[in-house]
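What follows are several structures.
Common to both upcoming complexes is chain A, partnered first by chain B, then by chain C.
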Partner chain A sequence: MSDRKVLTFVLMDAPFESARTSTALRLIQTALDRGHAVNVFAYEGAVALAFAQQKAHANAVHGCNAQEENHPLPSTWIAELIATAAAAGTRLDWVNCGLCVDERGVNEAVAGVRRGSPVDLWTMAQASDNVLVIATR
Partner chain B sequence: MAAGRSVLIASEDPFEHDASRLHALAIQLRRAGHEVTLFLVQNAVLAARATCARSGLPALREAAVEILADDFSLRERGIAALELHSAVNAAPLYVVIQLLAAGRKALWT
Partner chain C sequence: MKVLHVVETAYRATLEEQDDTVLWLLQVLRVAGAELAVLLQGSAVSYILRTQDASGLAFGGWHQTRPPNMATQLAALIHDGVPVYAVEEDITDRGIRESRCIGGIRPLTRARVVELFDGFDQVWQW
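Presenting the complex of A and B:
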């Protein structure tokens, strides 16, 4: 039996709001680092995680410009995860729920993220060794 | 039927969100013969201090639930290994991936 598995993560949280997002991205990174194939189905606010127009900003309280503040953007992290997967010889298939994307007007996602539907979630779950749902409370 | 294997992932501050139902589930699964790991992450690790009066951890230990706490979350909150309740072991997040890859049924709260 192969040690490399297919794991699916289902994400619901919008960006810049919850520590669940950081933990979810850490889990995905760890899985990819170990060579597992990863599927992500993002729905509701989580479809904005990969929105390509996110912008880093300055922080007047810290006295830092945008570069010095180095504020992490989830879209950058996701792009790097997709690159990590390719370098590790595995894959990260990130699907945004199209209905949720249209509601929020965030169709412009970083490269490698695709648009889908709940059917993709069903297909991913069927083809996975395990599924973890990280839902908004 | 073979006993099940589960990983319950707790992410919420136990002082803001009641963890008793999750703990009860873990204990019931153990009584049904399941292997159960409770993995604390984010603010759920605030229950891991030995000095925490309402952690619920002794009952979990008595039921032989394995209790792990994300080492990154512990460091973020300044909780040192020496401060941990004796029922808790620090662990990297990779353990969750290992358990998922091994087919554990997973529940995130």
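Presenting the complex of A and C:
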């Protein structure tokens, strides 16, 4: 039996709201680093995680300009994770719930993120070794 | 693959979404062929109350004409053969009387939740 697994994550939290998201992305990073294939179904506010129009900003309280501040953007993290997967010879299939995208007007995602539906979640879950739901609280 | 969906957080943007988004998702998954059951616990046990009324939301000249109704969503799942369980202690704690609930709910004590888990391939905690 192969040590390489297929793992599906379901995310719900919007960006810049909860540490659950960065924790989830760190788990995904670890899985990819170990060569596992990862699926993500982004539901509700999580569809904005990959929104390509996120903008880094300066921080006057920190006394930093935008470059010095190096403000984190979840969309950048996701693009990096997709690149990590390719470099590791595996894949990160990130699916945004299309209706959730439309509700929020965040239909411009970073490269490698695709639009789908809950049916994609069920398809991915059936083909996975396990599923982890990280829901909004 | 049999999946038990544990719904614990209630009323997540239900006015905006016009439903509970997890129950909505489960309705789609069931149509897609998923074999599933629902366990309500914590604040989500309130969904079994048939006397909820979320109508009347208005902002200026805008009025919500199709408010959410989670009891109806649950009843639809039950009608389609989806087992819906609810933790008895959480029902009691909230003073929810059986006479005000939809039919078909399967109450179980918290002590029996683990036993319920054993009957499923996966448990998804929402």
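Everything that follows uses one rule, which is that the second predicted complex is superposed on the first by the 137 of 137 C-alpha atoms of A that agree within 3 Å, B and C clash if a C-alpha of one lies under 4 Å from a C-alpha of the other, contacts with A are read in each partner's own complex, and residues count from 1 in each chain.
Note that in this section a residue touches a chain if its C-beta (ideal position, glycine included) is under 8 Å from a C-beta of that chain, and two chains touch if they have at least 3 such contacts.
If you're wondering where the values come from, they're calculated on a predicted model, not measured in any experiment.
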Practice task
With the two complexes overlaid on their shared chain, look at chain A and say whether chain B and chain C clash or fit.
Solution key: fit
Exercise for the section: Answer with first, second, both or neither: which of chain B and chain C does A:Leu7 touch in the superposed model? Expected result: first
Practice task
Examine A:Glu44 and indicate which partner it touches, taking first as chain B and second as chain C; both and neither are also allowed.
Solution key: second
Practice task
Go through the superposed model and pick first if A:Arg20 touches only chain B, second if only chain C, both, or neither.
Solution key: first
Problem - First, second, both or neither for A:Arg137, with chain B first and chain C second - result: both
Exercise for the section: Answer with first, second, both or neither: which of chain B and chain C does A:Arg34 touch in the superposed model? Expected result: first
Practice task
Look at A:Ala60 in the shared chain and tell me whether it touches chain B only, chain C only, both, or neither; answer first, second, both or neither.
Solution key: neither
Practice task
Would you give the minimum C-alpha distance from chain B to chain C, in Å, for the three-chain superposition?
Solution key: 6
Problem - Intersection of chain A interface sets (partners chain B, chain C) - result: 130-131, 133, 135, 137
Practice task
In the complex, go through chain A and note every residue touching chain C.
Solution key: 10, 43-44, 117-119, 121-123, 125-126, 130-131, 133, 135-137
Completion exercise
Contacts from chain B onto chain A in the complex sit at residues 9, 11-12, 17, 41-43, 70, 72, 92-94, 96-97, 100-101, 103-104, 106, 108
Handout entry: Residue numbers on chain C that touch chain A, as the complex places them
Key = 1, 3, 9, 12-13, 21-22, 25, 28-29, 32-34, 122, 124-126
Practice task
Mind listing the chain A positions that touch chain B in their complex?
Solution key: 3, 5, 7, 19-20, 23, 26-27, 30-31, 34, 36, 129-135, 137
